[in-house]
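Residue numbering begins at 1 within each chain, and the chains themselves are lettered A, B and C in the order written.
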Amino acid sequence: MSADKSLSDLLNSYNQGYSLEQGFYKNPDIYDEEIKKIFLHHWMLAGHTSQIPNAGDFFLFEFDIESIIITRNKQGEVKAHLNVCRHRGSHVCLEKEGNTTAFTCPYHAWSYDLDGKLIAARIMEADFEKQENGLHPAQVGLVGGLIFISLSDNPPSLNAMHEDLADVYDQFGFDNMKLVKQTTYPVEANWKLAVENYQECYHCAPSHIDYAKIHALALAPKKFAPLKEAFLKETTCNVRTKSSSYYFDLAKDGDEGYQYDRNPLFKGMKSGSLGGKPVAPLLGKINEYGEAASEFSLGPVTFFLIYDDHMVGYRFLPTAHNTCVADVFWFVRADAVEGEDYNLEELTWLWHVTILDDEKIIIDNRKGVDSHFYSPGKLSGMEDMEQHFLDWYINAMT
Amino acid sequence: MSADKSLSDLLNSYNQGYSLEQGFYKNPDIYDEEIKKIFLHHWMLAGHTSQIPNAGDFFLFEFDIESIIITRNKQGEVKAHLNVCRHRGSHVCLEKEGNTTAFTCPYHAWSYDLDGKLIAARIMEADFEKQENGLHPAQVGLVGGLIFISLSDNPPSLNAMHEDLADVYDQFGFDNMKLVKQTTYPVEANWKLAVENYQECYHCAPSHIDYAKIHALALAPKKFAPLKEAFLKETTCNVRTKSSSYYFDLAKDGDEGYQYDRNPLFKGMKSGSLGGKPVAPLLGKINEYGEAASEFSLGPVTFFLIYDDHMVGYRFLPTAHNTCVADVFWFVRADAVEGEDYNLEELTWLWHVTILDDEKIIIDNRKGVDSHFYSPGKLSGMEDMEQHFLDWYINAMT
Amino acid sequence: MSADKSLSDLLNSYNQGYSLEQGFYKNPDIYDEEIKKIFLHHWMLAGHTSQIPNAGDFFLFEFDIESIIITRNKQGEVKAHLNVCRHRGSHVCLEKEGNTTAFTCPYHAWSYDLDGKLIAARIMEADFEKQENGLHPAQVGLVGGLIFISLSDNPPSLNAMHEDLADVYDQFGFDNMKLVKQTTYPVEANWKLAVENYQECYHCAPSHIDYAKIHALALAPKKFAPLKEAFLKETTCNVRTKSSSYYFDLAKDGDEGYQYDRNPLFKGMKSGSLGGKPVAPLLGKINEYGEAASEFSLGPVTFFLIYDDHMVGYRFLPTAHNTCVADVFWFVRADAVEGEDYNLEELTWLWHVTILDDEKIIIDNRKGVDSHFYSPGKLSGMEDMEQHFLDWYINAMT
């Protein structure tokens, strides 16, 4: 019964190798600390440049109580600003997406340009300083066309990652994709239960029949290890296999955590789809199906699974201390044509059915974690990445 | 990020000339203090005597978690009592309105007369003192037929106002009106955001197209000032133009705050209606349309706009720390006949469409105020009345 | 205005003979204490053995945030375990009822047998001790076929009751009943307001027209006393009339509180039904209608009304600090056949309409108790059993 414990007591009683104590999932005060220490600091996927091809295009990125306007300015740069008027705080932009030349607050008509600069504030006194009242900016970090944002004035660095993964960006054509579908799945559980679920494939065999037919990662480690060894020796596909494990607590000081890895699919499986069949044109510079999939993650809540012919993004965002959403993004190469080169239903099938399973699993997990009789349980070897997440989390909250 | 701050910290960091810090809108503990210091003390509009013409007529006035029975006793006096049985606390009156000779609790049948006196308590011991167990009374203050109540044992005085505004009561026939419609508009925001919205017309031009065609007050001060000056010189209508500015922090010690003012409408506008057309018989002793409207407010949450032919009342009541309601009341002279002298749809049109706009504006304001990145912003000169509200509020909460 | 008071202040200011202060009903922290001190300690009705006739049959008993699996093991014993996986806490059993040979967690497939023993935990390290990771057991106490559970490691004793009431169990055939209907009535009020309502018949005459036609207990004490006296002298029915008043604060040290009592119905009333007509075969060894009904209660939230031909069970369970449910159970003798020996609608009519009345009463009570102007009121002599509940409650929370 740890729901009453203070954050410091909970942190002190953390037992590595075990799941977290209940209080971390139930206590609204701890959630407030998470927002400050994690979500107002680290990088999160906001969307993709293909959503805002032209100057003045914009969309809103929202989580918890925050709303951020992502836009392309006149110089073609991607910009992000808090959707909070500097007068009395109203949301300035009420549309989820669109195109505009300026953001004019619907309340008192203060008007901001695409760079967040206050350009009009009617009837204000002569000594009012417009230049000090621009929209609060957020940091923008681009990974190819992927738009990441950080709400920190001093965000973790992405430089080491950019250098390390330059070949990956190039091979998969990160600069040459488009977002073709995004779906939001609400999950009635604390966001960490959703992130933990994503971190481990211990549950894949019992829970995800379809995934487990395609991904060798669903196998027990003893069976997976020789498959991976063979894959690393034999693969001829022109995609990097060398892994970069700088995720969570493995991140270097001052850097944002990230990961790259490549793992075999089962024999004959070319993509994450029904029967492992191809579902879209090969990405980037890939010249043949490698019967493998790459993983790429950046920051604490954004994860990608890159098949040879499409990329799936997963993003977990809190909406309150006991609810979150899982957003799933599907990407194909920029010049692929729907109906000709890919079929949206085929493309999105696997991860749609998989997350529907996970939604249910995570909620049932939450119900038990809520009990006075829940206590942290021993993790298996297949939950080592979740272990890294927990270690990182404890450190981030300290 | 002021949501965590204590009340005293928030009060200390109040910056006159700027909007309030976030904590005042989000912190449930501060809301509890507001209930005690403001809503259990000050005068609020409960309704109108035309709702209870006969002895035994009653209606309920409800806000937050309180329910108050407003009734007319056998002597014809208006009485107000808490709807809380003195036995085990049940609501005694379950109907919103009606006529009765006594209020008998549905639980154990304790029965109270129209003056709140306990007249029957079956089976209680012989030594039970009925005279000590009457319904808790609320104070009643009449302004013509307007019924105001205060839940305080020692409410602010209304005497100075009665003396000051006797001519206004008479000219507009406050004693000779009837309530013809009341509508409740729920607003998902802290009550202060709704009251602030009502206090300033800085938002009228951008937000209220219809209002801004009729009311000169929607103009910028520079344009409004000469219009008002001309109006004060030229008006021939037999309605007081001298203003009384004792609202909010301008109230005299021990008195409830109130205001009276009269302002020009645009040329040719006779009433608050489509095209400014007359919509009902002239009120009280008014003998011609003055192309103007009077404002009258009493206490922190009740405001009236008095056109020459009808009166609109606005009352803001909290329902929880992050929700409130705006109740709008429409009054005409007592002898006006619906369908002949006025048409309800024409009468209520302007303020119905105006509050629908405001509902949206206030919620969008709340969304931004919720953000970690909201900070108090500089007020304009057109928000001076809001400024008085804020100054008063800070003082009331101290 | 006691909602802000601490538990210890509220306990100190308890005034015997009066209803409780508001804080006991409104304060979520006090609710948390109630869960620990009352609901995780005392005995509650979980269900009936007729729901799980065969080995592997199970059903879930749920309240607040807890879920308990009630099952019959291979040896035919009734067992109860927390529905919380010892790995990462997921609910293990997702079906409300069914039959199984083992409970396999849907998340990672840890599997538990009917005795809660962990029998499979795939891929766990060699040193993982399965025998230390069984499901958390709950105590099971049988009263004939009635299944009571306690979540305490050291629950109050039932032994004295078993010895005392052996004749009652036998006469009513507690071993030979079946559950034929269970209905859950949600009540938007703190659970104590529902239990208090059940404890007193002061409200029966004003609130329950149908009950008051059948049960003499609805009479004022002065009128009831001579009826009871006559009944005790005259009754010839072979059912115990001697009462056992060990309820609430009258329980002996270390024992769970319980009560048995028998009271007359009105002349000609044979059962709790429309017109007092028989509705099912006589229970147990009863050989004629005694025009009376017995009361049996065990623990703080479970109450039975035993008519000569059927038994009604009442159980109050909290779902949150301001909501609860009333579960009503109807039992007949085990060999009765629906449609031949009893008609479900006739059987359940009286207590269905009675609890619909109570639902409304309790909610109206809560609305008034919520008010800042509620204060504890004087109890009547007809509320003496409620008085015992309150005394016990104050002691249990101290």
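The criterion applied here is as follows: a contact is a pair of C-beta atoms (placed from the backbone, for glycine too) under 8 Å apart; a residue touches a chain by one contact, two chains touch by 3 or more.
Computed from a predicted model, the values in this text were never measured in an experiment.
Q: For chain A versus chain C, which are copies of one sequence, does the interface use mostly the same residue numbers on each side, meaning over half shared, or is it different?
A: Chain A vs chain C: different; shared/all numbers falls short of half.
Q: Any idea what the CA-fit rotation angle from chain A to chain B is, to the nearest 5 degrees?
A: The superposition gives an angle of 120 degrees.
Q: Centroid from C-alpha atoms only, then distance chain A to chain C, rounded to Å. What do you get?
A: Those two chain centres are 48 Å apart.
Q: By the touch rule stated above, which residues of chain A touch at least two different other chains?
A: There are none in chain A.
Q: Show me the residue ranges of chain C that touch chain B in the complex, using the header's touch definition.
A: Per the stated touch rule, the residues are 1, 4, 19, 196, 202-203, 205-207, 220-221, 361, 364-365, 367-375, 377-382.
Q: Once bound in the complex, which stretches of chain B touch chain C?
A: 32, 35-36, 40, 65-67, 82-92, 94, 106-109, 122-125, 128, 133, 136, 151
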